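Take a look at the structures listed below.
Each of the two complexes below includes subunit A, the first together with subunit B, the second together with subunit C.
Our next item is the complex of A and B:
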């Protein structure tokens, strides 16, 4: 039964990942990414890491995907289609990825993994104790560092997204504005010349 | 561990997903699509950490805690990347990679 569920999850994840990197509509590819992340959470549930699966669902599926969807909605129209790479570039990169994949798979199947076969249940209390323990092998220092990192990333994101006071125009608009300015100054000069002649 | 499923099968799944992410990273021409591919790659690395912890060292917790840290770093990275992408869009009016060749202020 677990084997069947694993294979179903694997098929869903691979199909959604392929769709996510090849879909021409950006919002759809974000939703396909969401399916991959939920499939990963399903794998964690199968491996009896309930806490990690909950984190995966809340942080990745709840936070990251919503953030990317917001940026897509801020930046593009939903129905806008993306340009894709040329066919020969696509096939070359697919070939490169297949070569890398075969290399990695050959390495994985050549290496004798010694799976212990022991099944232990990890409770959330154990995870919390390991995260906050100050003894050898404890994770208190990375835990604090990651909290500082999250705070600084949050402040940095606010500062960057807020931007400066003046918002620059796009380069094209700038060039057009400069051209317009030159034409106006030329017109003014040509208008001035006859007036001076009249004066003389 | 998942009964009936060997570690090789899960590692095969994660490496296939990883190289799908690499393919998207190479071929996509849009900053947000590249961000999506990076998320795929990071997620497969998290699955690898968890699987190796569960199958080879089930009495330890190190791999799982590392995966929590990777998830936190990925969330911070996504927030910063989205902020940068929105700022680039406000400055240049586009999020295509080709049109962001100059990054000066």
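Our next item is the complex of A and C:
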């Protein structure tokens, strides 16, 4: 039963991974990528690693993919198709991919995997303790480093969004706009005056 | 013959048959429940607007939405010619499958729970974050500007308000010390969490209801399908059964938000003051009663408040709800640390 589910998940993941790189429509590639990520979450669930599976779903499927879809929505039209790369580029990337694949396969087959007898469910409390422990096997340092990295990324995003140079420019633009507005209102007023006189 | 009986044996022994039967029962029950939620919405709307509401089909119009569903099933499936057919057909399933998956983890009574996963609350948050992908895909692949604008608004809204839902639930998790929904209910045998956590719990509940209403794209946060601006928003181009999936998912999501609030804040299937502890099946009644009170609250919102603008929506989330929520989280941590909770 478990084997069957594993093979179904694996086939889905590989098929959608291939489809993701070969599809010529950008949003379809993103959806195939989403299937790969959900399949990975399924594998984590199968390993009884529920917390990591849920993280995979929230961060990758719910966060990263939604952001990618957002950017595709902003820049792509439905009729646009990606270009097919030139032949020599295709061959170079195929070669590089094969090299990477052989490296990964060699590592996996060289590694002596030990079969763990009883699988125990990793609870959220254990994950939390491991993340914050300062003892041996604790992850406090990488945890803190990543949080500093995320903070700097957030600050960077805010700085970019604010646009440093444009702040100085904007008052000038405003003044021009105000001048135009004043001129228009003056014109309107001068036009209005005779009308009122007629009314009187 | 032998191979077939072998297969049946395999199905029974591995529990696949059980799973399939439970899934079928859940599907049927919640499809019907969704239909009656639609009816309830229309009745509540009529009540708020001093009308009678649907009252022709069946006794007091009880079969109105079932008739509507039959009509939707028998309708022709239309679509736009230049749509991206694959994504267009895929999108409704994202929405409906995620909302049905979320239902599996709720403990309706002590023994009626399909999937008691040890990260219950977090699983719900994770699953609900995928549903928005269906809306985004549906909006984009329809090749319609109104659908696209609706989808973009939905994305902005859901990503923002997910934070508030998550943090307000996290505030309550500090109190329970567990993410598992059945354990969260065990903890509440000494008082519902909204009583145990008093002030921060009430603030968390209010934020949760506001953010939950926004996450289900309901009024006053229904910019996604603002009728007066966008036609029908992201599902403008959908018809028949595919439209029905979106529609049903919206109502099931409302039920999920209310049921989660019931579980986390109001003791789930526990009866008030333990008055029906000797009758275990009464748990189902209490769970549904509490949930429907909250569903009514969400309908009350919908027919009372006017729709917000997009900038007001984002201001509300990022400048008010999120800071309040973060302070509230710290406050709850301090209260749990100093043992200031109210235990009955």
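We take it that the second predicted complex is superposed on the first by the 129 of 200 C-alpha atoms of A that agree within 3 Å, B and C clash if a C-alpha of one lies under 4 Å from a C-alpha of the other, contacts with A are read in each partner's own complex, and residues count from 1 in each chain.
The definition used in the following text is that contacts are C-beta pairs under 8 Å (C-beta built on N, C-alpha and C of every residue); 3 or more make two chains touch, one makes a residue touch a chain.
Remember, predicted model here, so these are calculated numbers, not experimental data.
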item	value
First (subunit B), second (subunit C), both or neither touched by A:131	first
Subunit B versus subunit C as contact partner of A:40, first or second or both or neither	first
Partner chain(s) touched by A:28 [first = subunit B, second = subunit C, both, neither]	second
First, second, both or neither for A:64, with subunit B first and subunit C second	first
Touching partner for A:104 - first (subunit B), second (subunit C), both, neither	first
Comparing the two partners subunit B and subunit C, which touches a greater set of residues in subunit A	B
Partner chain(s) touched by A:54 [first = subunit B, second = subunit C, both, neither]	second
Contact residues common to both interfaces of subunit A (with subunit B and with subunit C)	55, 63, 70, 72
Complex contacts: residues of subunit A adjacent to subunit B	2-3, 6, 10, 13-14, 17-18, 20-22, 26, 29-30, 33, 36-37, 40, 43-44, 46-49, 52, 55-56, 59-60, 63-64, 67-68, 70-72, 74-76, 82-85, 89-90, 93-94, 96-98, 100-101, 104-105, 108-109, 113-120, 122, 126-127, 130-131, 137, 139, 142, 146, 149-150, 153-154, 156-158, 160-161, 163, 167-168, 170-171
Of all residues in subunit C, those that touch subunit A in their complex	14-16, 82-84, 86-87, 90, 117-119, 122-123, 125-127, 129-130, 132-133, 136-137, 139-141, 143, 148, 151-152, 155, 159, 162, 179
Subunit B residues touching subunit A - in the complex, by the definition given at the top	1-13, 15-24, 26-30, 32-33, 35-37, 39-40, 43, 46-47, 50-51, 54-59, 61-62, 64-65, 67-69, 71-80, 82-87, 89-93, 95-96
Residues of subunit A defined as touching subunit C within the complex	1, 25, 27-28, 31, 34, 38, 50-51, 54-55, 57-58, 61-63, 65-66, 69-70, 72-73, 78-79, 121, 123-124
